[in-house]
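Heads up, the next two complexes both have chain A, just with different partners, chain B and then chain C.
Right, the complex of A and B next:
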């Protein structure tokens, strides 16, 4: 029982990070119909930036994170700008274009930080908390708190601000949004910046949990994406639930199957998506003839 | 043109034969590896470019072929060739398994699922003892061939180039014959492909099976060449490299895929000391390709020709739409036992919204039935139920007396239902002739075993289809446009192509969804003639139309839908004067505006 709860808590904490990644995917997808396969690589860049500013420049962890978010936001703007001609046109091509960006980002990371990874010490140095006989890493709680705060801020932005409402409108019908005077391009760019920012946040937070390396983006990105699809692609609550589900699945798979955790996670994901392609909160789409 | 192409081919063959004499030991090794990547790229192109299935697990198929060969030869002591046969069979089996998600999800969903499975594969490779973990397996025996020592990379080159030539030829053969046309139709528009009788689920599995055959074969060749396998060869990074090859070369052309694979391999070799810069270079080229040359290198000649043609418009023989040549009259036929179409109490709900409510109608064989009604009255939904796109919430559909409720669209197509679409659904990247050819092919997907066993049979079948297609194009006056791509044609001609394509199915029942929309007066008159002739040839026609003049003159019987219900049914004259029809079209508010009318009616 104790092991079970501990695995669960670890899974939720990791899942919170997948949820952040998944929200970035979903936000960009619903706003502009773009599936950003470079998202995982942006997470990796975010992790490196945060760890660099934290370890080498010796900024406080929170400040290092903010700098990382700003820089990755800029990367987001660049990707959006370059791929803008394909928006709302050819889905598969755009997808492949973002894969191209991912390849470039990976190579850039190797150029700047080298091919070997680095370990990032936890910014919270206190001993694990003991809650009713269950040991919980303090950093796990920090991750959960930051992820929750980011989610609340994002939802408030989307629902309470004019800019957020405009983005919702673009998500529903970009042509109608143009017709009522919403600058669709700007709205898409903001979605991309926020998506990249969320990626950097996820990357910065995951640094002390995993090993930071140029190849970390692949698994993180695919698991975050899997979370987004599992929850229902394009849905923000879906991204949170799906991300946490993947995190918990991952954590239990690691407990039971050790090295084979990835194998188990992806096979379970493939089966789930085959059984229910729309995910938990996804809407059933109807083919119109 | 033909001769020059033959000459180029002969030149390439000669070059391929003499190449080993001109290069050193290291270069021949690079070439051997390049050929393996070219074979992989062809397989990837067949799945992605030809069939539209985003398969990011190709590298895992490659790995599986290599590893099964390695395990069977090194650990079980099998001979190389027996092991290789089993390796390919195993790869195809896994390929079919990986294709099951494709039956339910497409596009980016499929991309992420297959990428996940590829990651799962490397995860398995690095962990299990069977594959030697991260160390891999070494000491794979040299494939034995009487009279040739294949440990020499020069001789191995000949084995590879022969395999490559066979595989490329086979790939091109598939693309240009019925199976390839169906795969491309499915890529362009899976719904319309289903309506043309293509068994989409089977075809998706076929696409994965094809690409896994190429992946497995490449894997076997790799194991025989390098004689050592390790997980990093089959990493996601190499998957993306393979993807870059296919995209840069041009995914819709197998030759393009080969060019991409060769080109990128050479560039990588050239930048072998700077792998990171090479990675930046090909990543950027992928981005540039999708932005500026989506058809890749293979599409460039056509684009250049297009620019050249726009500069100097062709003045000679302009293509013209010729008149339709009527079908032979089938004459008076004995009344069929069962009506051609019976719709019995069909209902369809979309999450609480009732689109069709207990609709019942019966169309006798040989009738032209009109279905009219205001926008949103459920006409197209009814067609979608009849042609198998929607499963009805309740009720039954019978075609010639056979109950086919909720059958898939390809089954209905095979049962003799053909249709056109309100918003035109021609296969945009296929020529007019190919559009018709897809519809003409009435063989089932399971007959593709002939591709493996008896290719001349396929070829003869294809020839017969092409003759039939030319006859149909001739009949519909479309012969001049046979080689054109539909999006380049005027709207009225596209409409006619769609009818020709539907008639290529030789249907028993033809469903026309707003065939006159967007046509001018003369075109509408021609349409009337075509539909009448189609009926006279013995086909039952049901048409949805807003052009009342056409409906009144053409249809023998008209059914009026409003709000998902049938509100009137009878001859054109009867329904036109029915008060409920007038009310449905003009709204009851008219009663207040025109009190005089009300009095007249009561």
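Right, the complex of A and C next:
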């Protein structure tokens, strides 16, 4: 029983990170119909920026994260600007464009920070909590709290603000949206910026949990992507459920199948998607007809 | 008209086929590569390692050690008046990329290879290098390397068998610890460590109380570690590379596991100590042929030169690579820049007093058969009492 609960706890903490990554994927897909293949790399850049501001510039962790999110948001703006001429015209080229940007970000990270990577000490100094024999890292609780707060803010933004409503409108019918006076390009830029910000948040939070290196975006990106699809691509609650599900699945697979855990995780994922291709909450995206 | 056109088409097709055949024959890979040895011009040595990815620290250390040796020799005039030229290749820690690079260095006229530091990649490259007759001195330590039985493969350090035998001797025979748990990954290095340490324990009549295997990319070890915690071991043996074992130690301490860890080369590196956190790694028992830079006069000189050249402290992997490069360069000098089987024989004949100890290669390509034991105390590796 103890192994079960402890494995669950371990799975949920990484699952929260996957959920944040999945939210970024889903948001961009939902508003633009685009799978942003550079998303994993943006997570990595966010991790590097946050750790640089935290370790070298010695800002408090929260401030380092905010700065990292701001800078990464700028990267989101640049990516959207460069790809804007392709929007609503050549979708496949846009997709390839994001792959290209991913490669550029990778190379930039190696140029600036070197290929070796760094370890980030946990900003929360206190010892793990011991609840009835189950150990819970205090930092994991912080991660969960931040992820929850980010989700709430995002949902509020999409449903309660004018800009959020504008983004939904563009997703429904971009020509009608233009007719009503919504600047499609700017709306898409905001989507990209929020997506990049979520990526940076995930990257910054995961730094003290793992090891910051140029290759970290790959594994996190793939699992986050799988989480987004599992929960229903484009759905925000789906991204959260899917991300956490992948994290927990991974943890249990490691417990039971040891060296074959990755294989089992993705076989289960493949089976679930075959049974329900649109994911748990259903797919939600632009009308690209 | 019809007949002329079809004749022309047939002739064009025949000409195309002929051209293709000729071009294929002229550039058959590996057959007539220019021999850069035994002639004039720079002596080309390839350095293949992970320069990117999670294992890149190994690659960087190896290149620095090799370059230090080569720069020293070049400063003294090279070999027979020819400069030694290093070509650096990034295998990204991926065996598939490694095999491509093996073919590439063959076709580009490199006469020897130093690296890789990753056992799995070296094992993948070995058959191709054997066919191309390019001697290779590797920093890998997996027993899988000797199992390849290539006369062109040499190790610049001991194998996992040696590391773990020394470790088991210290832990079981000296410290009388009997309840030991294993956590290893399923990569080339981890599997080698798992098998070697289990064998060393079996030779002492012991079985591990827990034997957990994780993947090389795994990030969360809660299941494996909770399992181990329940078995209440006195010590946990780590069979994973620097970063992964650092994460394992960090998470183990978070889960309330207080017993010490033990391992081989990766556990002696600063990357492991940083990733785990110096406080968490305190008391780790390390088996290593190069405990610190102060073990001999030669190592102090080496460390001083390394610090001057690169602005950072030398450690085991740089020292191993330095020894390997020295052996290769000595063999090249002794054999008057031979290549192929002749160079391999020359390497085997070299008796080198290196930073790691005295090298004397046997038929399996291993040259050194002893390690020392150290513990991590105060964030640094010191010799065990």
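Heads up, the rule we're going with is that the second predicted complex is superposed on the first by the 276 of 289 C-alpha atoms of A that agree within 3 Å, B and C clash if a C-alpha of one lies under 4 Å from a C-alpha of the other, contacts with A are read in each partner's own complex, and residues count from 1 in each chain.
Just so we're on the same page, a contact is a pair of C-beta atoms (placed from the backbone, for glycine too) under 8 Å apart; a residue touches a chain by one contact, two chains touch by 3 or more.
Worth saying up front: this structure is predicted, and the values here are computed from it rather than measured.
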Message = Given the alignment on chain A, is it a clash or a fit between chain B and chain C?
response = clash
Task = Considering only touches as defined above, state whether A:28 meets chain B (first), chain C (second), both or neither.
result = neither
Request  = Once the structures are superposed on A, label A:259 by its partner contacts, choosing first (chain B), second (chain C), both or neither.
outcome  = both
Partner chain(s) touched by A:219 [first = chain B, second = chain C, both, neither] = both
Key: Which partner, chain B or chain C, touches more chain A residues   = B
Message = Looking at A:104, would you say it contacts chain B, chain C, both, or neither? Reply first, second, both or neither.
response = first
Inquiry  = Looking at A:128 after the superposition, I want to know if it touches chain B, chain C, both of them or none. Which is it: first, second, both, neither?
reply    = second
Query = So, A:90: does it touch chain B (first), chain C (second), both, or neither?
reply = first
Key: Which of chain B and chain C A:270 touches, first, second, both or neither   = first
Clash with chain B, by chain C stretch, listed 39-47, 93-101 or 255-263 = 93-101
Interface residues of chain A shared between complexes with chain B and chain C = 110, 215, 219, 258-262
Ask   = What residues of chain B sit close enough to touch chain A in their complex?
value = 52, 54, 100-101, 103-105, 107-109, 111-113, 115-117, 119-121, 123-124, 126-127, 191, 236-237, 240, 243-244, 247, 276-277, 279-280, 282-287, 289-291, 294, 350-351, 380, 383-384, 387, 389, 421-422, 425, 513
Query = Inside the complex, what are the residues of chain C that reach chain A?
reply = 51-54, 56-57, 60, 185-186, 212-215, 217-224, 226-227, 230, 243, 246-247, 251, 254-256, 271, 274-275, 277
Remark   = The chain A residues in contact with chain C across the complex are 2-3, 6-7, 9-11, 13-14, 110, 115-119, 121, 128, 130, 135, 137, 209-211, 213-215, 219, 247, 250-252, 254-256, 258-262
Message = Which stretch or stretches of chain A touch chain B in the complex?
response = 35, 37, 82-83, 85-86, 90-97, 99-104, 106-108, 110-111, 215, 218-219, 222, 225-226, 229, 233, 258-263, 265-267, 269-270, 273-275, 277, 284, 286-287, 289
